[in-house]
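Going by the order they are written in, the chains are A, B, C, D and E; count residues from 1 in each one.
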Amino acid sequence: DALDDIIARKTIRVAVPTDYPPFGSVGADMQPRGMDIDVANLIGEKLGVKVELVPVTAPNRVAYLQSGKTDLTISSLGKTEERAKVIDFSIAYSPFFDAVFGKKEPAVKDYADLSGKSISVTRGSMQDKELEDLAPKAVVKRFEDNNSTIAAFMSGQVEMFASGTPVAAAIKRRNPDLDLELKIVLANAPCYVGVVKGEQKLLDKVNAIIREAKASGEIDRLSVKWLGAPAGELPE
Amino acid sequence: MSNLAPSAALAPALPVSASSGAAIELVGVNKWYGDFHVLRDIDLTVNRGERIVICGPSGSGKSTMIRCINRLEEHQQGSIVVDGIELTNDLKRIDEIRREVGMCFQHFNLFPHLTILENLTLAPIWVRKMPKKEADELAMHFLAKVKIPEQAHKYPGQLSGGQQQRVAIARALCMKPKIMLFDEPTSALDPEMVKEVLETMVSLAEEGMTMLCVTHEMGFARQVANRVIFMDAGQIIEMNEPEAFFSNPQHERTRLFLSQILGH
Amino acid sequence: MSNLAPSAALAPALPVSASSGAAIELVGVNKWYGDFHVLRDIDLTVNRGERIVICGPSGSGKSTMIRCINRLEEHQQGSIVVDGIELTNDLKRIDEIRREVGMCFQHFNLFPHLTILENLTLAPIWVRKMPKKEADELAMHFLAKVKIPEQAHKYPGQLSGGQQQRVAIARALCMKPKIMLFDEPTSALDPEMVKEVLETMVSLAEEGMTMLCVTHEMGFARQVANRVIFMDAGQIIEMNEPEAFFSNPQHERTRLFLSQILGH
Amino acid sequence: MNDFTTWDVFRNLLAAVPWTIYLSLIAFAGGAAVSLLLLCLRFAFPRAAGTPVRLYVQLFQGTPLLMQLFLVYFGLALMGVQTTPLFAASLCLSVYSSAYLTETWYGCVLAVPKGQWEASSSLGLKHWQQMLLIVLPQALRLSVPPTVGLMVQIVKNTSLASIVGFVELTRASQIIANATFEPFLAYGAVAFIYFVICFSISLCGRHLEKRIRI
Amino acid sequence: MNLSSFIDVFHSWPSLLNGLVMTVMLTLISSFLGVVLGTLCAWGSLRGPKALRWFIRGYVEFFRNTPFLGQIFFIFFGLPALGLRLDPVTAALVALTINLTAYACEIIRAGIEATPAGQFEAASSLGLKPAQAFFLVILPPAFQRVWPAMTSQLVIILLASALCSQISVAELSYEANMIASRTFRNFEAYIVVTLIYLGLAVLFRDMLSWVGRRFVYGDFATEAQR
């Protein structure tokens, strides 16, 4: 059973992003840091084991978990029906709003206004799926990682990009002059910890740790540190 | 090989100074490869219709000399006048001269990706702008002349060496040159094939073509040459009518050379 | 070239059936390349010390025949006995025979990555297990014999064609073979270099080496051969002493061939 | 959040260079070992081993390395064989380079003129002696330029190891680009570093080629 | 992983087909352009003025010594900063072509350099102009000589086109990725697509040897190559 293995191994392997600030990026020392990394460390600490961080990208983070390469994936993962078929989800640990961002012009009042607009999105992300459902007439350009998605927008290859509010905030902080605003929200998609399918004991343990951290205000503290605001109400 | 009957039909048929002006005239030609002095003060006048054989040891500059005549090599000093046109760096003149001068190489240098017929018609069509049909007829005419019209649609790789060399001669003839240069045309051939190529060259000579020929086939030289030239170390050492050249060479070096190539 | 003085020193020096048994014996040898019948019922006995020249048109199977003798090619029918050992598929026997038989090729086939000396000592050291020092001495002895001891430390690419061929002969001699095979050893050479190689071969012949030589150097044949063989289309058409062979060929085909290679 | 200086970018990229070199060496050594083995098989048993070796080469030259990596890393895991990224990258790169090396080196051996075989057999050398003393040294010389070319390819292809999460040059540049939002600095620097590595390999190759030409 | 899990993958056959068409199109167009431009570069680098030669050398060395991924990123993300914005497919075509041109130039140059000097000489002594000699006489046998190397390089380009998915070009591996992230049938999708690539590579190789014989250098006896 996975939890026993982790305790026996004295390490827990966690998939985290390194291309998705503020959830995960690297510092000048090339060490990963961010919301997701802190949550991973929190869980490791509570389990009393060492944390082994495995850097992943959005498209392959589920594959890592599926193939047993990691025990958990903490990489701003949102919950979908399809994903729930192949992995289990904990309770949410962080707020996250998917949205479309772009320059001031043109205005977007509803999803129909996205028709014909070119929008970059990271393949395999929640936004990809949401765009397809909510704005089927948008011209969606899919990229391998968050960086390319953003770079496509910055270089003018697309008119807008879809990502999370914290991501856009991070960009704005980095480039205050950038003409960037939230065009329309796609979904409220808080982040969950992904757990190997069928490992109930491990899942329960992770849930317990997160609940406790929420209660103690630890989650809010991390949220303020990385996202600039308290986590607020998160779904169970 | 060699040792053709000395009573050859053609040898001194033509007087040394013939018809209207010289076909080729080299005056004080010098050439260097880097520091190496390949041609030293070459003076040579070839009259129209004259047939000259050049011999000499390897590396003596024979190839270099005839290659200077159609500007495959550049000379650095002296003047070369071909068919009244002086060779300079002027590209147009070089083109003009090359149209008048045909050349056959030791290794035939047929174009392997073209059929025999296409090898022959390439230059008439692209240089002389001849219509394809006419070029084909011309080519077949010369193929018949070198006695291999039936090979027209094969590729060079499918022919024997002797046949390939005859094609190379026909290819040069298709440009209707006034002068033909040959650089050891038979030395890459099997002994049996040498004969068929030499016969083709003899028949050319009989038609009065001006010919300059580097060869060690002394039988051929006796049969058709008006003059034989011996070169060594970039110089023309000796030049004489074939009879005198072979029977009574003036220079020690010539005598030694002749003894080597005739002796074994 | 060619036409050596017919009063050659060596020619019929040795009686046709000499010393202790045959050096090479081919009986009813047949060989096919796929459907193509290259060798047809070849019968040939070469006595010890005998020197045989093989000539014939291109493609007649001359090379194939002598390559069968040291098993570079396999024959399919008949028997080949070399120095008392019959050639079968037994690898040990093939090795034994190859030690007794030296071979020289048209294109020399020296090993380009080894110096001349290393070319010569390679086989003595690895096949005869000779100590290096001894092998070096042997090699220098034979290099002196072919008159190029000063080239010992150069690489083949730095030598002229004639020198390379003499190295190839020396290389074969270093194995102290009882029999030497030559496949057109001079046909890839410049006319001047032909002579130096032929001289080396003549001196070998003078020492009584058993030799089988494919060549069109008829002067050489007259000078050293005990017998001349004419092949055509995979058959031995004619075999005779050189005097008789050249002056009075029995077969129409031989006559035609001789007229072609001697005639021009 | 951005505390990278330009120097940090370079420093961190340079820190990843050893991994790229290490992976390249493994790929080349592994590839060479495998292809020598395959070549021995192919020359020792031309009938039996010829077709399988050809199929092997065909298979690994005909599929993208990216797919091979993904299948080995995740595919094997799914079948219950857990591998590390290092193992997967080493395996795939070795197999990939062995396919190209096998084909190249086989061609080099065949390119040694037939006359060399004949001359050495008529001197009585055994087959292995011919191979070792005559053919291989010449094939080796012929093989220098294409082998150097392949080494450059291998160095560039180690960038695909990033697919399985291996932090070598390319991956490092991606990570840095994401952290700094300055993709051009990161990608430009990394292109420069690759160029320096690969071009010096080419230059060494050319030098070697000149030195062993006689 | 069992057979039924492949069904999800095959369900998406229309997108696989679209990806296949895109991959084939990318490969064919860039192969054609790359070979043509490579030929011109080879000519320029052998016969052109000195400045052109140095330029071509630099170009070739640069593109042969940097990863293709970086090149495609630069063309797609970097060029807009210089005011040149290419849509993904055009950018992919440009990147593939530029990359292939560098390799093709080297390959063809080697073939031309192996041409016996006698061929140039024979052509010019017949009075052919340098350009005529180059295209009529020198090039076809040079192509025949290097066609195997060229074939390998073109197959490499076919496989490299997979990287175009990184700039959102919907080619075969892009569609595989899409299927993978929709259905989480990663391995099945990759196996299927890997096999498709293998089939494409084999077919492409055969096609190239046919094209070579039929159009590029003609069907002449090889022994004639001296």
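In this section, contacts are C-beta pairs under 8 Å (C-beta built on N, C-alpha and C of every residue); 3 or more make two chains touch, one makes a residue touch a chain.
Since we're looking at a predicted model, the values are computed, not measured.
The chains that touch subunit B as well as subunit C do not exist here; no chain meets both. Chain centres here are means of the Cα atoms, and by that rule the chain farthest away from subunit E is C. One finds 83 Å separating the Cα centroids of subunit A and subunit B.
With each centre defined as the average position of its C-alpha atoms, the distance from subunit B to subunit E rounds to 46 Å. Rounded to whole angstrom, the centroid-to-centroid distance between subunit B and subunit D, based on C-alpha atoms, equals 53 Å. Contact with two or more other chains is made by residues 63, 66, 151 of subunit A. Contact with two or more other chains is made by no residue of subunit C. Among the residues of subunit E, those touching two or more other chains are numbered 73, 77-78, 81, 186. Each chain pair that touches appears in this list: A-D, A-E, B-C, B-E, C-D, D-E.
Across the interface of their complex, subunit E is touched by residues 58-59, 61-68, 70-71, 74-75, 78-79, 152, 156-157, 159, 170, 183-184, 187, 190-191, 194-195, 198-199, 202 of subunit D.
The residues of subunit E lying in touch with subunit B in their complex are 116, 118-119, 121-129, 132, 136-137, 140-141, 144, 217-218, 220-226.
Interface residues of subunit C, counted against subunit D in their complex, comprise 70, 72, 95, 98-99, 101-103, 105, 107, 109-113, 122-123, 126-127, 155, 157, 168, 171-172, 175. Contact residues on subunit B toward subunit C in their complex (touch as defined above): 1-4, 57-58, 160, 187, 190-195, 198, 216-217, 219-220, 257, 260-264. Within the complex, the subunit A residues that touch subunit D are 18-22, 25-28, 30, 54-56, 60, 63-64, 66-69, 145-147, 150-151, 154, 170-171, 173-175.
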